[in-house]
Each structure stands twice: as structure tokens, then as C-alpha cells.
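After this come two complexes, each holding chain A, first together with chain B and then together with chain C.
== the complex of A and B ==
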């Protein structure tokens, strides 16, 4: 059954101006249409005795055996074979934003939760415009004030960005619950793998300026646990810091964890074949990323003093993932490390 | 959406064995007489007995005529609908309907205890055994029409016409209605009427899928409504068009139609001719709610998105030329209605891949 084989994660490119729910429904409708269009099995046959006029004539009838199809299997009676598909959505995008939007089908929905628990960073290109301030921080809101912006230079902007990155770095270290004085923490920091593995307010891990042409500018932002409105507010605050004002013209997600813009399917390719191909292409990457993150998650947690509470959650994930690491092995590992330090 | 089925009672079976006549499908509602609902496979000649295995408490099996079933005591409750009444009367052979009612009357008078029940274990001859047809019983109630379609003439003919029964069974009471109709008496006349009005043959299926209730309407009422529309100076082809596009139109009574037309004339301030034009092109305005504009808005939005993308692509390429005077003019019609591949290669002179890459930068 084609629908049962269709399971996994893939990314679509959500266009701006539509809600994410509609995108999900549109994908579901298209897939259902293609699945139902596939030729159905032939209807069952049944032997019935149909009366036909006897050859002798004169009104006598005799029964003749005939094979007739069973009408209960007729497509007009049975209806479409597939009526619904379980499609789940990953990190959402609001109406005005566009970009990579991860969807899961069938068993892939379970991987969605695991991906969420990996807390991987997302990368956005955010476009801004100096000189205006609106109530919802975007260029379609009600205008609040207009300012001059001639005094702004690229250097000043980058200075502000560095300040933002610095404050966010502090928040990052605080929320990732790592004891800074350990060797593990240093190694992770060198590799750049320190992340908050639980709930936290939005954190920006990296921010830089891609283009600067007054009054427009474009930033690339790597962030965690964010919302698109938070990014727009950030643009507004950058404007305020530069003693001017700014509105956000575009929020576009170019990367969500392991899915990049190249993997995302544009609207013209939302069909069964492309989606199957996309699932196959991304499968290996998703699996490796999940294993890597959860393995590091255990190592990270075991080294922190207050990490035992979170270990339970990770243990559950390990069970669900049914990775090679068994709980016995991890416990031994943890015990070993405890003994080393103690 | 249930079809109530008559639970067969085995006692009647042995009484039927005396009948041995050709069975005909009978409507159960006829006068409260216990009608004999039967399968269609009856022979004219000496009918062999078939065995019907009755599950449950009743101990005996009866010798029945081939595939016949008997309803419960009609005297007790004579009014229930049964899908059997629409069994395809494939054999149009000799009918001896008079025998059955007489037998029924006689049977009612007899005392049931006089009849010795025959056991399921008694020995029968080979020929009789071969002639037993024991098919599973039709369910008493069901939420789909699948189980009944093979046994009901109306349903079979409707499926051959193209009616989508899986949609019909989802509507309120539509399935029940279809099962209780008799093809020869009611449905045929209405179909001929619809053809008269001007609905095409291949449109009958989709029409009935959207509006199965029309088969339950009174024929005179339908004709009155068409006459009303004609009196309002709608031509025959126009009426045909309206009815095809808005299947519910003929379900509205004359007053309701009048009110709605009046609403369009008065509230929207359109002249008579304009109202007529509008109604002919969009008869669903009459049948829908009075805010049908919202539906149009949604369609508009999705098209708007497509148009916006295409326009931005053209602007990016520098080909957005909408002034007819200039060369390489692109008409709005082309912008909107062409399929994607044609648009890319002809109008934008770029490949599909370029268009997709551009889409991903928006």
C-alpha cells in the first residue's frame, strides 16, 4: 500500500502570506489525490444465476450461470481508498514569514518530537528597513513614527550586532545548565555544541550582517527557541539602539536543523514522487544527527552536577529511539565518571 | 442512514413451501398485508426447496423456495421499509401474485402449533442439497450502502448511471430514501423529467450525487417550479444550465424562489435583466447563503498568491511589461491562466528550475 510506505520527514518551502496550517492541508490534499488516482484492485466476481429466455421460446425462463462483478466493490459505492493522512508539522512559521518548514508523515511524526528535543539551531535571513516604526514591527503595520537614518553606517550596525551576540552568549551558557569549570564543558565549547537542552527564552547564537544598503539591510540570524515576531522585535530594537527606527520587511528561514533551503520543496513540487525522494535524501542525515545529539546529550548531562533530573528524560528518549546505547551501558558510564571525579 | 431490514422468521418458511410460485418483489407498504420479500432467483417451474439457516433461538430450518426470505408477522407491524422491495426483478416471467395473498390469509388463521417443525438434521436428497443457496443475510442497519447495492435494483441502476453512492450515503437520510424508492415507479419518471428539463445524460450522475433528494420530490411540484421559471422568461436552455450548475434549485418551493429573486432585485438594486443574467451564470447565488462572496474571496486569495509570484519573477527578470503598446507585452490573461511549464518557457523564457529557485528566495 503506497500510503503505508510513505513515512518520514521532509521539508517544504512555505510561501509568505499563507498560514502554516493551509500549507499542511494543501500537501495532504495533493498527496491524497495522487494516492486515490492510482488504479484500484479489480472488483470481486461472483457467480449468479440470471434468468434468460429459454431458446424454445414461449415465455419459459431458464437460469444461466454468469460471472458478475460485485457492486459493493465499485469505486462509486466504496468511495476513495484514502481519506486522511497523518501529517505533522515541525517548527511553525507565521503568516508573513516564509522558508523551510519541516513536515512528517506517518511514522515520521515520532521523529518530529525527537528532532524538537534535539534543540538544533535555525537560521533566518531577516530583511529590515530603516526610517520607520510600526506597531507590529513589520512593514505592513500601522505607522507610529518616521526618523532619519543618514547617520547609520555599517560599522555602527555591526557593533550593535556584536553586543547582541555577547549578551545572548551569556544567556546561552546560563540556560544550558553546564558547570563551566569542567573539562567536558570546555570540550563542548570548543566544538560549539553547548546548547540549552530544555525550555529557554529565545537565544541568538550568531548574528551577522549580509547586506547593507541604506535604508535597507539584511541580517543572518542563528537562533534557538525563537518566534518570528521576536526576530521582528529584534530588528525594531536594533533600530532604536542606532538612534533611529527600523521595521522588518522579510523573515525567511533558510535552515531548520538538518533541513536547508536546497532540501525544501517548492510549491510546484508538492507531489508524491518528489516527497518520497526528499524523504529518502534526508533520512540518513536526520538519523545521524539524532544519534549524535542524544549521545552528546547524555555525556553533557552526566558531567553536570544538577543534571540527573534531565537524564531521566534522555533515558526515555533512548528507549524510544532504541539506539545501541542501552541504559545499562550509560549507567555504567555515568558511574565510572562519578568515581573518577569523586 | 440506516436501512432497516426485516429479520427473517423461520416459521413462515414452511408455509411458503406450499406456495412454490414464482416470487415477485413486493412493496412492504402495500396495505399492511404481510408482503413477501423474496430474492429474484426464482424459477417458474417446480421450485425446489432451499434451506435457510436461521441463527439463534429458533430451532428449525425451513424449506424455502430458492433464496426466499419471509418477513415477520406483518399483522403485528405492517409498516417498515425494506430494501428487499427493490430487488431487481430480473425475471419478468409469469407471476402468480394471487396465490400468495390467499395463502397468507389462510396462514394467519391457522394455529401455529399445528405445524410440526422440521429439523435441520433431516436427510435431504442430493438435488435438493445442490439447490440450496444460503447466502449471508443482509444487515439490518448499516451506515454504508455497500451491503445493499448488489441486492437493490435502484441502487444498481444508479451506480451504472454514475451516481457516487459513497458521497450520497454521507448525507442525511439520503441513503434511506434511495433504498425505499422503486426504480420503475418513481425514479424512472424523475430521470425522464430531468432529461426533459435539459440535464445531459452524462451529467445525471453528478447531479444526483449532489442532490439525491430530488428523487423523493413530488413530480407535479417539480413541474410547477419549472413552469414558474419559464413564466419568469427564463429560456429552456437557460433553465437547463441553471439546474445543472445548482442541483438544489428545483428543491426550492415556488415562494422561496420568488423571495430569493426578489431579494436580488431589491437589495442589490439590479434590474430584471441583470438579475437574470447573474442568476443564469451563477445560480448558486440563489441556493447558497446570502453571503456567497466569502467563498469567492478564498479562491481569490490562492490565485492572488500565484499571480504575485509570477509577477515578481517577471519583474526580477525584467520582463514585467503590461503596457500593450510596448514590445514583449504580456497579457494578464497569460499571466493568470497558463500552466506553470508553459509560463516559464514561453513567457518568462527561463527554465522551471530557475523559477523554483526564485520561489525559494521570496
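== the complex of A and C ==
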């Protein structure tokens, strides 16, 4: 019953050049293979009266009681025990990007929606290259223009980054749907806790330059509600602002809410044991983060407060719930399979 | 070899997708454009925002549209670029008018725009009637100063009050123009004098030492010389200030309404003037203080002070901003008045664990607004948003510091009653 304990959230390191759907399917296939390879329960035994030739001779058949395994439990009849697993994906990554990719299994999928509603920031390392402009803002696109870049200094770049941060800070306050005239808004602004708790355009909460070696540079970007293509466009616009041009060479997510690169499992560790361990390690952190945001969300008069009520159920021991529901789920699975065969 | 065979077998022009080598070669052959050289300098610009019908913004198309599709714009609620021929080094906003000054040796050094009903912008000859002057100047127009050596003197600073203005030069003293009903221009009060269309620009030279800073209050003027502090007010003669300020080396003076603040080199604050709004309530109960009093605040060494109509702000050496007085002070809607300075948390000015070096570098006051400049070149404003003067893009009052989006690094800002002018350097 290893599938019963498989419920929760874990992070996987998605390599570049692969679509996120394929990563999800690869993890699912790997888990299914391991779950099905585990030794199955022993087949049921039944007492049957089998006809055997009588010891007397010629044609007479007598019934002998024998304890035989039920054919219905034979693996070739039943097929693999697990055919599908409910694995949900968190914030997606496009083909060219790499990094932390959160997946949820079983009842952990419900936590995925709640983590989405927490609106936590994600951190990316974005690599850029000055001197080129392409149509899709990455270094593999069609070249549009080449420019000089020897006039760019680290100081100019940091000035542009400061401005980007400033305007996005303003956007953070504007899209948070709080009335600026209240004392509450002032107190939240002082603590820096104002965040848009609903839909908003991509907002960059912090940006800084990690490395600068002309023509390459690397930025660390903390953002909300973004897409990777938006980050590439941001690199392009930084190039334009510096009176040159830039393309993005690498987008790597190093943190997604509470999951960091250290928690993300590389491809060699996409197996049942590592995933179970990862779920256990991250569970506490996910629960505390959800509770913290839930408590904060109740006090705040935000427009999406209606969705917070359901959070009260979660954040409790995920194990208990999963154990309760899992037996019912496997029974349903058995019934389903029997019906299919019948 | 297989590729070669493929090409031989297919007839016609095969649709072969370009390999990476031709693409790379095309890329290397592409021309390289240069938009900025290594010695490209940052450009200096002026941005204005606020109420435009008085002409104080200096953009005539807002008041009298010059194209059919343009509509008159009463309020410019976000920063708008004002094109100037010279680099503007000093700007000042009065009550409905603006003065811009450049540190150049050319003949035209000062430009003025806005209300000119009291000749606070000098005499602007009207084109329709050569004997009369303009009452509203919609564009930055040169102010003819009667300089003895116009190609050598430099204008250091300008300052504007309610209906008068002061121009400080480096070698020819101070020039004053505008309303003189309280003697604020430094000459004798003439009864029933008509100020509109007046050619008179008074020159003040008799100071015991060189004037370093001029400040205009609502209807009075302050001069800070290298030796002491003098003022004009109903006396029409420079009078040295006594009281607690006598003998103290003052590094900065500020005034905009009826209250005045001075900062000494040791970081002490002195105040005098109107105290109806608790500006000086920490030392006295009276509402009018004639003699400068030392304000014993324990907030650290003060670097700069800014005095508004009802509220005051000071900036300490560590980069913290303290406010007191009456009105929207910047700590939320609950803080309306206080006699003791309260600190505005630095996180509101962009300070965070990510940027621990951000601090406020300058603080300025309008009549009921405050402006703060950080060392990163960001401008924060708060206060009453009278006719869009805050520049936030909204018409509501702002109860805590709010960033103004300016396309450049803000070097200096001048606040008026219902408009603001900022001097900005471009990023690259």
C-alpha cells in the first residue's frame, strides 16, 4: 500500500529543453513502474472441488477438494495494480527554462491550489548577453540587430535595475487592492507586507546583478505572477534602456515559494523512496506557510478572501486525511477494474 | 556522405532547413549599430507637473492648444518633460509661478513662467501692446536682470515666495522683484504702489558678508550670509536675527509659509515665526514667535530642514526623516498633528534587506506637501494633493511616502503650492 502514503508536494529539477508535461509524465511513469514492481499481495485461496479421474478406472470422475489460488488474482489477469497516478503540476516552466518545478501527488494536489493562492514570490537566475537583439528575446531566435556594448558599466546597469525595482514596488502597492487612505495600508506598507492577493500583471519585487563580465551578465530576480518569456523580455528591455541590446541566455528558477534548488530532485532521484522523503521534508514548511498566509488573509480585507475559508481544513496532518481516503480510493479502483473485466 | 546522396536523389530544389553554419555566418556578417559611444554623457532634463492654467508649468499648449486634436489640460498629474535650451541648475516654485536659473555666463540666465500680476517675473513686454506687460507667462521667458557684467556674473540660486522672487548672483548681490507690500523686496514700502507691469528690479548689495543662500517665505525673505542670518519683513532693511541663533554658524535655512527653520553646523534646529500649527509648540505656547528659539529635539544630528505651510520636516545625518506640525504628515491618516518630531520608517523610502544602503539625501516642502530625494535618485512625495501637484497620477491625498515615476535620476526638486519642478539626469 505504498500508494496510500504517496500524497503531498515535492519539487523536481526540470532540465532545459524539455516540456513540463513530459517531466510530469516521466515522473508518473517511473513511480508507476516502481509501485507495480513491488511484490503484490498473495492471491486469495479458495477451496474448489476439482474433478479428478477416479482411482477405480475408466471414465469415472470424482470431485476432490483442493485449495487453489483464485484465478482472478493472477497478475496476468488483473494487469498492473496501478495504471494512473494523480500528479498535478505547480507553476509551469517553458521549454527553454530550467529549475525548481513543484509537483503534487494524490491529495497534495489540493495544496497546490492553496499554494497558488498564497502568491509567494519565485526567484530566478537570469543570464543575459549584450550586443544582440532577437525576435523571441533568447539567443536561439532570429537575429534582428547587433549593437555595440562597450559603453555599458556595472554602475549603469545597477541604476537601471534600481529603477525597475522602484516602478515595480509601486505596482505592488497599486495592484494589492488596498485603499491607500487607511491606517492599515500604511502599516502594511511599512512592514513591506503589501502584495497583490489576486490576479495582477507580472511584478518584480527585487532584482539585482550577480555577475557582470561584458558581454555577459547574470541577474537574480524575485517576481510574482510572471512567465519566463516576460523575464526574457525584461532582459531585452534592459538592453534597450542601456542604449544597446541584450538577449537572454538562461532562465533558471531557484526558488518557488518554499521549495528551493536544494529540495528539488534531479533526474537520477525520480524514484519512490526519494520522492517520499522529499514530501516528508517539505511538509512542515508548506503547512506553516499556508497557516501564516491564512491568518494574514483573514485579517486583511482583500478581494480574494472568500477562498481562504477552505484553508482551515488543510494545513492539518495530511497523512491522516490521506490514510482515510486512500483505502476508499483503492477499493474504488478494485471495483472499477472488476467492472471493466466483467 | 548520406547527406550528399540525399541531395543527389531529390529532384528540383529540396526544401532543406538552413543548418546552423549558414545562420552563424549570416549573424557574423550583420552590421553592428552604435547608439552610444564610450564617452556618452548623461543628459540633464527638467520635469514639471501640477496645475497648468496659471502657466507655471511652462507648456503653452496645455493652456492654449496649438493643434486641433489637443485639448486644454488643466492638471498634469504625472511628470512631463519641459524642454529648455540650457542646463537648469536651480529652480524655485512660488504661488502660481516658477523661476528657472542656469549657471551659465550667457546673457540670459533666468527664465520665469506663470503668474506675473505683481511683476514677480520682471517685466514681460506684451507683443500686442508694447507698453503693457503680460499677466500670465505661459512659456519660460527670459527675465532681464540689470547686471553690470552680464557675461561674467553667474546666478547661483533663485527663490520664490507668494508674489515676489529673489535671484542670488555670485558677485552682484541679490536681485528682488515683485510685491513689496511688506517690504519683502528689501526696499521701502510705497503706499498704493501698483506692482503689475512694473519694470523695477531692486538690487541688494549692502551685506556685511557674501550672501550664500536666499529663501522666500510667504511674504518675507531670508538671507543667509557667511557670517549670520538676516531677514526682511516690514522693516525693508536687512536685520540680523538675534535670539538663540546669534553667534551660531548656520548651514541651511528654510521657509515657505509663515514659519522658518534654520539648521546649525552642529545639527541643532532653530525655529521662529508662526506657530499656530504646533510647529514650535515644543518650546513655547504662543502662536507667534518673533525671536529664533532653539528646538531641543533629541533625534540626532540634523542635516537639512524643510518648512512647509503647516508641517515641518528635518533630515538627520543617518538619513532618517522626522516630521511634525499639522496636516498630512506622512505616517498614515491617523497622525494629523504632533508637536514632537516623529520618524518616518525608512522602509517606506525603499530601504529593505535587499537594499540596505538606501537613505534619504534631501527633503523639501511645498505648502502642504513634502518631497524626499533618496541617494538612488528616487523621488518620494506625500501630503495634500492639491490639483495634482504630487505627480502620482492620482488626485487623492497621499498619507505616506509614495514613489513618483520619473524617467531619470532626480537630482533636485522644487515644490510649490499646486505644482512641482524637478531637475533630472537621464540614466545612461
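In this section, the second predicted complex is superposed on the first by the 278 of 342 C-alpha atoms of A that agree within 3 Å, B and C clash if a C-alpha of one lies under 4 Å from a C-alpha of the other, contacts with A are read in each partner's own complex, and residues count from 1 in each chain.
Note that in this section a residue touches a chain if its C-beta (ideal position, glycine included) is under 8 Å from a C-beta of that chain, and two chains touch if they have at least 3 such contacts.
Bear in mind that the values here come from a model prediction, so they are computed numbers and not experimental data.
By the touch criterion defined above, A:7 reaches neither chain B nor chain C.
Of the two partner chains, chain C is the only one that A:156 touches; chain B does not reach it. In the superposition on chain A, contact is made by A:264 with chain B only, not with chain C.
In the superposition on chain A, A:74 makes contact with chain B only, not with chain C. Look at A:112: by the touch rule set out above, it reaches neither chain B nor chain C.
Residue ranges of chain A in contact with chain B, taken from their complex: 13, 15-18, 46, 48-51, 59-61, 63, 70-72, 74, 76-80, 98, 252, 261, 264, 266-269. Remark: chain A residues 131, 143, 145-148, 150-151, 156, 159-160, 162-163, 165-167, 169-170, 173, 180-183, 185-187, 189-192, 206, 208, 241-244 touch chain C in the complex. Residues 26-27, 30-38, 40, 331-334, 345, 347-348, 350, 352, 354-355, 376-378, 396-400, 402-403, 405, 409, 427-428 of chain C are the ones touching chain A in the complex.
The residues of chain B lying in touch with chain A in their complex are 41, 43-45, 90-91, 93-94, 145-147, 149-150, 155-156, 159, 162-167, 305, 308-309, 340, 352, 355-356, 359-362.
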